[in-house]
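Chain lettering (A, B, C and D) follows the sequence in which the chains are written, and residue indices restart at 1 in each chain.
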Amino acid sequence: MTFDALAGVLLIPAVAAALLAALPGYRLTARLNVIAAFLTFLTAGSLFVVEPKSGAYLLVDDLNKVFIVLTTFVGFTTSVFSASYIAHEIETGRLTPVFVRFYHAMYQALMFAMNLALIANNIGLMWVAIEMATLTTVLMVGIYRTHEALEAAWKYFILGSVGIALALFGTILVYMAARPVIGEGLDAMVWTVLITRAAKFDSALLNVAFVFLLLGYGTKVGLAPLHAWLPDAHAEGPTPISAVLSGLLLNVALYALLRFKMLLALNPDAIAPGPLMVTMGLISCVFAAFMLYRRRDIKRMFAYSSIEHMGIIVFAFGMGGTLANFAGLLHMTMHSLTKSAIFFAVGHIAQVKGTQKIADMGGLTVTHPVLGWGLVLGVVAIAGLPPLGIFMSEFLVVSSTFAREPWLATILAVGILVALGGLFLRLNTIAFGEARGPSGPAQASYVPMFAHLGLVFMAGIYMPPALVTGFQNVARLLG
Amino acid sequence: MTTTYALYCVAVLIALAPIAICFGTSARGNSVVYGSSLVVTLIISVLAVLSLFDQEVTGRIVLPLGLPWLGAHFAIDTLSSFFLFVVNLGGATASLFALGYGRHERAPDRVLPFYPAYLAAMNLVVLADDAFSFLVSWEFMSLSSWALVVAYHRERENLHAGYVYLLMAGFGTLALLLAFGLLAGANGDYVFESIRTSHPTAGLAALVLVLSILGAGSKAGVVPLHAWLPLAHPAAPSHVSALMSGVMTKVAVYGFVRIVFDLLGTPAWWWSMLVLAVGGITAVMGVLYALMQHDLKRLLAYHTVENIGIIYIGLGLALAFKAHDMPFAAALALTAGLLHVFNHSVFKSLLFFGAGAVLNATGERDMEHLGGLIHRMPQTAFVFLVGCVAISALPPLNGFVSEWLTFQAILLSPQLPSWGLKFIVPAVGALLALSAALAAACFVKAFGITFLGRPRTPAAADARETDSNSLAAMFFLSALCLLAGILPGLFIDALGPVTKMLVGVNMPRQTGLDWLTIVPIAESRSSYNGLLVFIFVTLSGSIAAFAIHRLASDKLRRGPAWDCGYPNPSPVTQYTASSFAQPIRRVYGTTVFAAREIGQMPPPGATVPARLSVQLRDLIWDMAYAPIAAFVGYASERLNVLQFLTIRRYLSLVFAALVLLLSVLAIWQ
Amino acid sequence: MAVIRDFAFQAVQMLLVLLLSPLLTGFVRKVKARLLRRQGPPLLQPYRDLIRLLRKEVVLADSASWLFRVIPYIVFAGTWVAASLVPTFRGGLLFSWSADLIALIALLGSARFFLALAGLDVGTSFGGIGSSREVMIASLAEPAMLMIMFTLALIAGSTQLSTMAAYMASGDVGLRASLGLAMLALIMVAIAENARIPIDNPATHLELTMVHEAMVLEYSGRHLALIDLASELKLLLYMSVIGCLFVPWGLAEPNAGAAAVAIGMAAYIAKLAGGGFLLAIFETSIAKMRVFRVPEFLGAALMLALLATLLRFVSGSF
Amino acid sequence: MRGLQFDVAHMLAGSLVLVSFMQLYQDRLYALLNIFALHAMVLAASVAWQAFVQGAPHLYVTAMIALAFKAIIIPIALHRIIVRLGIHREIETVVGVGPAMLLGMGLVALSMVVMLRVTTEADPLAREDLAFALSVVLLGLLMMVTRRNAVSQVIGFMSLENGLVLAATGAKGMPLVVEISVAFSVLIAFIVIGIFLFRIRERFDTVDVQALDRFRGERQ
């Protein structure tokens, strides 16, 4: 019974992937996709009811429970969105049925990989899972087989596989560090064991290991200067994938980083991982903020904003301390929900306007009020304006760090402000002003978008105590 | 208990927003939204008055909202109840005005939903009792007003105004956020109660002061952070402009007072120098900017900046006296500042309503296209005139009282020991006097060019008197101007509890004195009696009129204007706004605005008209804002290269990062 | 009893200023004419002018509004009230406390405000010239006046004119640098405020440098009479202010006997005469300056006043 | 006996580094391919030796994989591609061979410095191997960075992977998970590269990454 939940989170997507690969016909597969995602979400939710025991390969604790539920939830809503999105893609003929079949299979495969990465109790297994997730997304980014899509996928693939290599090297080094203490064999790669003995590991090895892991997984997180793949992959792939990339894959990579950070934090004479993460976080935040100003492609713009927010999150976790960690977790959750909601909106907008060029769309609140105001709401949220959730997390990050590190917090604040400017500069042209571009009716599913925004709104006003205590436990766990 | 009721009312306001969305563009939405917000704001203002007079804080309330382990704290103490009154008085009159004005609304679906939300946000800022809910409400206030500013989003300059506004608001909020971060400390103790008990070190306190000047000042429109204000305030619908100028700036002042006087503990004397300098410069710059405008609403917006300066002068003096432990003087200065807060909220709302009425009647904001409206809109003209007299600080109306009190406070300041103040206070006094005189000039221009003379355009020629609701709102406010002018004692005493809370004592009781005089310090020292002055002037005026009409002649004949025998039928030959401001521009503008007059004289015999154009440069924008914008542009242009590298180059970036980190490791141990 | 007596004195004062002011103007004109070796109009000419104007019918421009007709009364009343609150021959006026020096300045400010509006009301270019120049001058004169007031208030420790006068009369003032500066500035401001040469020329028309006359160009009949009377009152007011502040001698005590009051009256008349005489000499001996030199003139006054205030602030001994 | 183990392992690992340098030195594609084959062989040898030393038979599998795939199949496949796509034979480098060599030296030095910090109680065998492995990885990256042509970049990537394998096998008693994953990743990597080359074949007539890069995301 107890093992089922974990197994289910893995098996349902796996089976679904196989099934979808086999089944023809778009409508059926789309529905199946939604159903599978929903089931996965339910099973993940059941983790809160009964907590399974962690085995040698699978692990569940407060930390990854949060991640899993978030992942499966966004996975579910995205599948709903993708159903309507893909339908439109088929009508316009951008995708042929065979590719749709492939797409759905890959979608479930991706879900599987991410869940595996999250519940793997073994650093090797986790690595495999994350790389699998990367490769599936590579294939999906390239799915339109256009000039741009191929280039984006190729870029993503090359940079991604270098990341793979670096991460693997780091993993090996961790094993090497653990082996003399724990002894040869599987145990030396099992989280639960590693954590207990980390204090005695060889610090020099751990340091080198962390450098490689930071760069390896940091590439997936999209930290500057390793971010290069991210904007193009977001811009050229199908929008559901952009949503999943921003909303989930980055988190999964971040999760890996956090795990290793915990490991290092336990070792007295290893370097503090904090400063490295803080530095990269700040660089990413400020850099991405400035990059927002010259963007002409709407999806690419929001991709950069993802980089910015990942920077903020990594900064928060790098600063450490219960409050900052709490803020980091909250910010990560809020960002996942908001950013995917934005991409839902953007996907439909791009379909309605028939382009992703910001210059060709305008006055959206006039032509398509629901989409337009949805986008405005999303941007307001992502820019960190109240009463939406991100304001709370940014408030916590900045105000809690300012007392400790005034200058760093100030730099972060400047980054946030610059980003605000960049986002609204474009929002003005997209949502307001004279209407530009075609104004045909949009057949879209607004439910996922507003569901996310509603959650974000609620979190900004009122957070259920259970959630809070959960986050606080995790924050304490992260130290 | 009051707090609870107030929160219920706010909840109603918030609930109005979705209702308004449901109404969409239907005409009934207008009356429903404005009507109910009128009622609610009236209720809250009554509550505020009640709670102003029971001294202790009425009912702290902690809702399970906001920061989970903290909750959202709300409370009404005397300070917040005063500002609550100001906010909701403005809100009520604005709603009343809008009941009529809103019928001509171009885009009700973009105004109605945000209007009650905006009111609610402003109320929440004043009610908030912990840093988080304060900032949430603060930024939500900015957000909702931003939405109202971009309501007419088809004009590009409105979008630009909204953009600048939102950026400055974000800047201000971040500044305040950092300030609260400092006050609360790393463990995040955001409740005002515990912030009061925590005593920051001198350096930290100073930093907090600077941050709160930046944060609250940027919202209040303190020079040089005022740039957004004259853009944003006019862009919104007029009743919203009234709220932004008359009320929201006051909420910003509230934030400043709350932090600096209440949370921050005992001030250091040099803080006041900072505040005074800011205030003085703001006052003069604001009115000079205003004088150079010919857009009526923008002129009013700029003039708000001036009044904010006056308020800050009062607050600065209060800080100085407080720092030197002269509580009665501090009470006087603070009363002056707060009274001006109230007064300005009254007459600035009144003036914006008038501008709105004119805009409705003529579709014009540019004074160069107006004129002669006094014939077509006599009642509006009358109330607008009252507003002009009041804002020009002329007796017997209310504007004069608060400036008079400020002067009295300045006259007390030679007793201040510290030398810096000895030098800066008289200078600030001079600036205050200068701004007062210039304000009069400014409103002679505003009223004279808009309402007097002959209509300059057909639109102005066949304007129509505005509707009864708007007039009711405006007459109410002008009555308030007169009342507060001739019976200032009532209002000064009402402020007693506030000053008692902030500086420990309150001014001597005024209402008991005979003839309702106000005597801030001592009978022998200074006194003013608006009531008597008013009575004398009216009496002697009417006596003269009566006598002349009875004893001498009362014959009257209409005829063409004499004008030294140069009859000029065309109204174009009248003095325009810019030509009226020309002498003052020549005196001040050349240095402050690098004003230049460029005359193009056609060659003799040419039939083309000669042109005279005036160039004004906003030096503050050029020096402070343009460089920042340029830098952002430059930086983003530079960094943008990184979007267009080859894969190999990206790999090299990764490679470089790796090598760098490894070398760091190598060097580290 | 005392109240009634004070009330009576207040009434007397109001009538006195009203009656004396045209005489003062007439006197100044007469002296000027004599200094120019002219016969000059008789002393009582201003009275005749006023009466004639009052009898005449008003010719009102078509484009004039109701405000245009109200303004003369407002201006007159404001100036009159202000003038009647200045201690002239006897301190401790009944209502002097109802408006201190600041309020007096502001009251005159209101009068000017409305007069400037009147200049704009008819919608002629001359009126515009007048009021725009008027407000420009005021924008410098008023702060200067306030700074002077600051200095004196700091010396006397009060903004009450009667208290100030009493303090000045008492011996413990002594000669002070700030006092001298303030007086100089006050005289300059007074000249500007009363539209005298070199700022403005009350005797001329149709001159592009005129200020005050240009504003009231459209007025006629009783309205013009009121406005002229108001400006004469203003001249008187400034003279009495200067008198009671800088030559406070002979001012009767609040509860002094008839003799003292008589002395006070005499002294007051003498002060006015002296003031008028000096003014006439000054006006005849100086040339009218261009309008855009005026800011320099008044700027100098402002600077003097500010300097005086600064000195006072820095130490009480200046 | 332990001395000999150490020496042989050391020798093999060292020679792997040497071969990497030789790769850096090449400026002809075919030669590069051959050198890469050699690289793979050396790797296979050292993996086999580790298998022998550690008495871990599963490592022989890894050795075989290395030999079969990297030493034989991949070079041949790439050779085919080069022929079919008619890529011009010489590799245009970013920095000249000399500087590249110098950089490589620096990297090796760096990896030594970093790795020799490791306390000796992690046994010396692993330590030395790690140092070499790290240098191989870095050299591989250097190659990817300094070569403009896709095939040589792929080869650089491969040698990077070789470094990983070296490290993995050097890690005594590391569970099979890792080897599989390495092979697995290389496999995936190669398949996807193949797909890509193929797709690209459909659309462009060159594999030069430049052709892909010419269009850089945002249309101006």
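We adopt the following convention: a contact is a pair of C-beta atoms (placed from the backbone, for glycine too) under 8 Å apart; a residue touches a chain by one contact, two chains touch by 3 or more.
What you see is a predicted model, and the numbers here were worked out from it, not measured in a lab.
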{"item": "Chain labels contacting chain A and also chain C", "value": "B"}
{"item": "Contact-richer chain pair [B-C vs A-D]", "value": "B-C"}
{"item": "Chain whose average C-alpha position is farthest from chain A's own", "value": "C"}
{"item": "Gap in Å, rounded to a whole number, between the CA centres of chain C and chain B", "value": "35"}
{"item": "For chain C paired with chain D, centre-to-centre distance based on mean C-alpha positions, whole Å", "value": "99"}
{"item": "Euclidean distance of C-alpha centroids - chain A vs chain D, Å", "value": "31"}
{"item": "CA centroid of chain A to CA centroid of chain B, Å", "value": "44"}
{"item": "Sequence positions of chain A contacting 2 or more other chains", "value": "154-155, 158, 162, 204, 208, 231"}
{"item": "Of all residues in chain B, the ones touching two or more other chains", "value": "643, 645, 647, 651, 654, 658, 662, 665, 669"}
{"item": "Touching two or more other chains - residue numbers and ranges from chain C", "value": "none"}
{"item": "Touching pairs among all chains present in the structure", "value": "A-B, A-D, B-C, B-D"}
{"item": "Complex contact set, residues of chain D against chain B", "value": "94, 107, 110-111, 113-114, 117, 138, 141-142, 144-145, 147-148, 153, 209-210, 212-213, 216-218"}
{"item": "For the chain A and chain D complex, residues of the former touching the latter", "value": "122, 124-125, 127-128, 131, 135, 138-139, 142, 145, 147-148, 150-155, 157-158, 161-162, 164-165, 168-169, 171-173, 175-177, 179-180, 184-186, 188-189, 202, 204-205, 208, 231-232, 235-236, 295-297, 300, 357"}
{"item": "Contact set on chain B toward chain D in their complex", "value": "643-648, 651-652, 654-655, 658-659, 662-663, 665-666, 669"}
{"item": "Chain A partner contacts - residues on chain D that touch it in the complex", "value": "114-115, 117-119, 121-123, 126, 130, 133-134, 137, 141, 144, 153, 157, 160-161, 163-164, 167-168, 171-175, 177-178, 181-182, 184-185, 188-189, 192-193, 196, 199-200, 203, 209, 212-213, 215-219"}
{"item": "Chain C - residues contacting chain B, complex", "value": "14, 54-67, 73-74, 76-78, 80-81, 95, 97-100, 102-103, 106-107, 109-110, 112-113, 116-117, 119-129, 131-133, 135-136, 138-143, 146-147, 150, 153-154, 157-160, 163, 205-206, 217-218, 220-222, 225-226, 291-292, 295, 302, 306, 309-310, 312-314, 316"}
